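In this document, chain identifiers A, B, C, D and E correspond to the written order of the chains, with residue numbering beginning at 1 in each.
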Amino acid sequence: MISVPVSVQLLLPSVLFLIGLLGVLIRRNVIFMLMAMEIMLNAAGLVFIIGSSLWKQADGQVMVIFILAMAAAEVAVGLALILQVFQMHKTVDVDQLQELKDERERG
Amino acid sequence: MWHQHLLPALFPQIILAAASVLCLLLIAWKRNHAVVHLFTLLSLILALASLGKIYDATAVDGLFVIDGLGVFVEGVILIAVFFITIFSYPYFFQSQIEKEEYYVLLLLATLGATSMVISNHFVSFFLSLEILSVSLYTLIAYPKKMSASVEAGVKYLILAAVSSAVLVFGLGLIYVQTGQMSLAELGKLATGGIGANIWMIVGLGLVIAGLGFKLALVPFHLWTPDVYAGAPAPTSAFVATISKGSVFVFLWRLFSSVGTMSHAVQLIFVVIAIASMLIGNWLALLQQNLKRLLAYSSIANLGYLIVAFVASGETGLHAAMFFLVAYFICMLGAFGIISFLSEPAESGQQERLSLSSYTGLFWQKPGLAVLLALIMLSLAGIPLTAGFIGKFYVLLSGVYSTQWLLVIVLILSSVIGLFYYLRVVIQLFSRPETPVSYPASPYAVSTGLAFLVLFILLIWFGVAPGHLMDQISQMVHMIKG
Amino acid sequence: MILVWLLLIPLIGGVMAWMFSGLSRWIATLAVLIDLVLALQLWLSHPSMPIQPVQGTAIGAGLAWIAEVQYRWIPLLGASLHLAVDGFSLLMIVLTLFIGLLCVWMSWHDPVSREKTGFYHFHLLWLIAGMVGVFMAMDLLLFYFFWELMLIPMFFLISIWGGAQRKKASLKFFLFTQFSGLFMLIAILALYVLHGRQTGLYSFDYTELLGTTLSREVAGWLLAGFLLAFLVKLPAFPFHSWLPDTYTQSPTGGVALLAGVMSKTAAYGMLRFALPLFPEAARMFAPAMVILGVAGILYGAKLAYAQSDLKRLIAFSSFSHMGFILLGIFSMQELAYQGVIIEMVAHAISITGLFFVAGMLQVRLQHTQLDAMGGFWEYMPRMGGVAMVFVMASLGLPGLGNFVAEFLILAGAFQVHVVWTVLASLGLIASMIYSLVILQRVFHGKSKQTLTHADLKPLEGLVMACLVAAIVWIGFFPQRIVRSVQPVVQQLKQIAVKQNNSAADYEWVWNDLTLFK
Amino acid sequence: MSDSFVHDIHLWPLLLYSALVLLTAVGMLLLSHFLGQRHEEPATDETYESGIPVTGSARLLFPIHFYIVAMFFVVFDLEAVFIVAWAISLRQVGWAGYAGVLIFIFILVAVLIYEWRQGALDFGPNSKKILKAYYRRIQQKRKSS
Amino acid sequence: MSETWIHIIMVVLILLVLLTIAAGLIYVERRMLAVWQDRYGPNRTGPFGLLQVLADMVKIFFKEDWIPPFADKKVFVIAPTIVMMAVLMSFAVIPFTPGIGVVDLNIGVLFFLAMSSMGAYSVVLAGWASNNKYSLLGGIRGSAQMISYEVFMGLSLMGVVILAGSFNLRDIVEAQRKIWFFIPQIVGFVIFFLAGLAETHRLPFDIPEAESELIAGYHSEYSGMKFGMFFVGEYLGITLISALVTTLYFGGWLGPHFLPPIVWFLIKMFAFILLFILIRATLPRPRYDQLMSLGWKVLLPLALLNLLVTGAVVLYWHL
């Protein structure tokens, strides 16, 4: 077996994680943000897989299953919310969601 | 694998889980708001009753640990949810939307919160965190015709999901470095010294950031006001109290198991605490919206809590717990009043948000006004209220661990805070030019009773805190054993 | 047990007054009266405190409680419900209740208090209870608790029943006092922790903490924390900016308690806690404090003279007098201490009288502008007469309490700070000027408006009569007060600035001062 | 994880096979691209909707039911993950695992019942609802007239 | 020749055979339909019309490779390849005999489930990319149907997994030496078969492409080889489901020794292919909502029940 150092192994999830993070920060479309979050969560899952293979334990894999399931739940709720937003605003652009903001005392 | 004798230790969780499923079936069978409401209350009482026995640091399959801290906070959470449930009934009474599912979600969120405070393992923590968060997304956006609520829900969803991802990624890195996901095992490792590897540091940093998001500490606080303002008031109460309290307990467990806090980590928390206290109070100063004001106030209050966290040790823990209880009472009361005074509108419940709409509340509803004023004073840390003893205790823990910088900032920021709390109080008691009309809420009896209980607790813990403190010290003491 | 009742009666009375709003004035009167009788009885039953021979060298050795109770409060933290009174405390409690009773009566006709009467009396009574608590608490945490507790009813009294600017005033008052109070809290906590570290016994108890040995530096910081709270509440010279707004915007009942008693809690705090706990640091701070005191006297007098509003004038005069108290305390002489305590009582009464007069005028005129007054003697001779008594008291006419007090303070201070004392005595002259301004501009001269049926009503008359009687009594029998506070003075003497004068050296002062021994 | 669990397998045939499959698909596309005829007639480039001229955009808003199905799928299929995990380890986890999965499936079924009752599983038009709406409209008309 | 080369040749052969079968099915289906419906079917090209396959292939290759100008071109092209590739990939895990098969994955069942989910993408992307109302509706319906049936397809398979204790298809076949799983798992088998029908959207579950309602649904706008790929994909799908049913429930290559294993396998597989065609020939098409209700209200609870019963039985009798 070719052994790859852990740091190198971690590079892939890290890059994925950053891609996801950037996606959330840059994208304004809620659906894309949701997808970016999925990437982040899956990157985290990958980290657990690496840990699991490194320490020869199944624990990490269990965690991954939970991460997957929870990500799915998040997406399900997210989609429902996005639908509602679309119905109200006819857009899924987060920048259009501006009802809630700081209103300072004038003068 | 299967320890039957450990089952009772998890009774609250089991009861809550069963209750949420049964509640769902109840709704499927027949929709009835009152019945579902009563059922929820009943199951909460049952869960609370099952806490009766205290389990001395019982570990359940490594996933959970039932100790004094856990049981105590579980109890506090259940009681708080009880109040929130009571407040929810009149709030949704006149609502056009289907309101029964709200209670299912409430029970689920409670399940998440209560299991988080006893979780002793990354898996159980993550699971409970997500149960809590996912229910909260829906709870926040529950009045689905209100664009503000839906917007708040989306915002919370995005930020909470990102923070979960950050948190889990951080936990993953810790796992890769240590090979352990159980806090107890991590603690054992920590005594041997965990190598300060770059990945480990990044992992810890990400965990702090993730937990910071959940606790709405300062660099990660941006979601708080929007979510508080947009969510229905009972949910805001939930977000402000339970979700934060439970995450805080895990924060405590995590860092006390990783061992005596390293200097760098402590520094990070000192900075976070200072920033939260100052910025939270500062931003609250000019708020015209009561819920946003409470949101910023909660940021500051969490900052105070972090002072106790940094102080660490037994005093810190006691202080944090006492403070948490006082904070819970205040937030519950404040949001309870907001939800009580809301009026039905076409798309949902119209809440009274601007401070000016509370002008002269005292002349119309003196009881409510006095309670709200007392809550504000408690948040400000004025004697006679639980908030005073809480803040005093936190100060004590800060002084005890000679965190002078934190202590001074706490004092300064409290004074800033005093300003806006008093502004609210003055508003309540000033005479309005045109008398504001307040709705007569239905079912004022149970809500009134709840307010009375909160009032009594607020004063009781403020005047004679000895009992609560003894309780805390007795229970929390068990962690060590 | 009687101590607990002293505290509970106004508290319960307050709640009752709130609940039975219609009867609130009677309930309040009854509650305060009962309390006053209890306190007086206790005070009178110990007519003369023999000067205790000082045993040992410890500072607390001379303490002799007339009554003491201790209950569990927060056992975990070593805080207890430790209430105790000696002559000094009792004196202050009697004073508080006396003025409190008059406040209740005084607000009987005050139209302001007609709204939410029950709630008004609730605050009034709880304010009184808070002050009584401050004077009895022998546990530092409890002391702080009451110290802050006083603020809340006061805040509400101002913000609900105050003048036009009440919101701003109440906020300012609360922020200032709270902010400074928090520093005292830190100091208390630090003292608690240090004491605990030293002895292993974590306690907030005053008698426990007395013996704490502290390094010079630490003691300095801690004392600074205490002093900050006291100086703001007093108020002393640079910390007085809350004072004019607050005093002028308070309702009459509130301001009397504020200026009359609440400012005295600061002086009480210094004498009871700050000095005995940190004697060395206090000696270190003394010169600076003396300067602040003198500055306050002169600056206050100047400001008072410049005011065009009656209430503001009185407010600044009070500020000026507080300078004497500060000066007296930090002269650290036995004479000065006695003077300070007498001044506390005398000033409380005279300032209450003045504010009552101002309040009565406000009710009748709807304003307190000096420019629009004048010639009122014509319409209200009785009030004019009474006002004259208090003006005279304020300027220190012999035979009235203030004279004795200020004289003793100056005499004490003179022994250590000659120059500053001379400067301070200039304040006496200044006070004469501004005090007379009151009389002249309000009651003398040509009348600018016509007032009918404006003179004292029977109840107002009774109140004023009580006050006049009290101030005269102090002027004639200061020894009674001095005797009852002797243990405290003895205790404080030990930290006095060392100098050679023996007791015999100032025997003459007493001989001259005391008309009836 | 025990070593026996990991079969000693060669994965390269899978890669080879994937490559071949890809090649086939691309090859088919390319081949038809080069072999195919070209023609250009008036109606060639129009959308085919049974010969009727196109109106409106093809980006329709479709019923919410499809979203609900999507969410059901996400939830149920991922919950199936746990069942999969149980199925493979049935003999190791024994009756305790069975109890766990029983509870799990009970919850699933409860949710299913709830959704059923909510009408989330009625995919066609609900005749009762339509009738109700129809009657309401008639009544309104009567009232107004 | 080394073992590796043999393996390579085998892989290539499998692919070719599969494609041939898929193409041949065009003829077989039409022929069989003709038989059952008492018609002639293709009989002009070559003996028994056997060359019809060839003719069709030539024709389809020479059809215009038309991409609608209003479509999303990239997605439009990719969509049909997905379905074909996904199905072909699924064959990688099927053990035709102990020796014949692309790869012996220990997660064979999961691999199949993963690949079959990919089919939904093809449908929905094709429908969306065509920019045609009928296509879109067909695509949405198709994907809704596919993902619904995906759920219980997976669940129904778990009964087999419980019995065999493995995801490996070879292990599963070996486990059937005593008894073919369609006997204990008759419910699972029925559900799986129904789900297979829906997954391949064959008649009667061909609602997404129902000619009468949706003018061919998601592939309205497709023509030429890209339409051909959907077509081939469908036949490959039939083959796949038949092969899987054979493997999972009918003992795969197992059978009396008078015939070689591969023959057993092919016989069983073709039997099921014929069953597919028979069903198409005989059954009417249900309404869309009936189809969905059947899935969620009947098959899903049934699959769960089947699972629980199987688990209990296995645990109780220590099978």
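In this text, a contact is a pair of C-beta atoms (placed from the backbone, for glycine too) under 8 Å apart; a residue touches a chain by one contact, two chains touch by 3 or more.
It should be emphasised that the depicted structure is a prediction, and the values quoted were computed from it without experimental measurement.
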Touching both subunit B and subunit E (chains): D
Contacting subunit C as well as subunit D are chains B
Ranked by contact pairs, first place goes to D-E
Please identify which chain has its centre, taken as the mean of its CA atoms, farthest from the centre of subunit E. C
Chain whose averaged C-alpha position falls nearest the assembly-wide average: B
Taking each chain's centre as the mean of its CA atoms, subunit A sits from subunit D at a distance in Å of 22
Measure off the straight-line distance from the CA centroid of subunit B to the CA centroid of subunit C, and report it in whole Å. 43
Provide the C-alpha centroid distance between subunit B and subunit D, rounded to the nearest whole angstrom. 39
How many angstrom lie between the centres of subunit C and subunit E, each centre taken as the mean Cα position? 95
Check: subunit D positions touching at least 2 other chains come out as 70, 77, 116
Multi-chain contacts in subunit E: which residues touch at least two other chains? none
What positions in subunit A touch 2 or more of the other chains? 57, 73, 80
Touch relationships between chains, expressed as pairs: A-B, A-D, B-C, B-D, D-E
In the complex of these two chains, what residues of subunit D are touching subunit A? 1, 64, 67, 70-71, 74-75, 77-79, 81-82, 85
Contacts from subunit A onto subunit B in the complex sit at residues 6-7, 10, 13, 17, 20-21, 24, 30, 33-34, 37, 40-41, 43-45, 47-48, 50-51, 54-55, 57, 59-60, 62-63, 66-67, 70, 73-74, 77-78, 80-82, 84-85, 88-89, 94, 97, 99-105
Of subunit C, residues touching subunit B in the complex: 72-77, 119, 141, 144-146, 148-149, 151-152, 155-156, 159-160, 167, 170-171, 174-175, 178-179, 182-183, 185-186, 189-190, 192-193
In the complex, the residues of subunit B that touch subunit A are 122-123, 126-127, 130, 133-134, 137-138, 141, 144, 147-148, 150-155, 157-158, 161-162, 164-166, 168-169, 171-173, 175-176, 179, 181, 199, 225-226, 229-230, 283, 286-289, 292
Residue numbers of subunit D touching subunit E in their complex, please. 5-7, 9-11, 13-14, 16-18, 20-22, 24-26, 28-29, 31-33, 35-39, 44-45, 47-50, 56, 58-60, 62, 65-66, 69-70, 72-73, 76-77, 80, 83-84, 86-88, 90-91, 94-95, 98, 101-102, 105, 108-109, 112, 116, 121-124
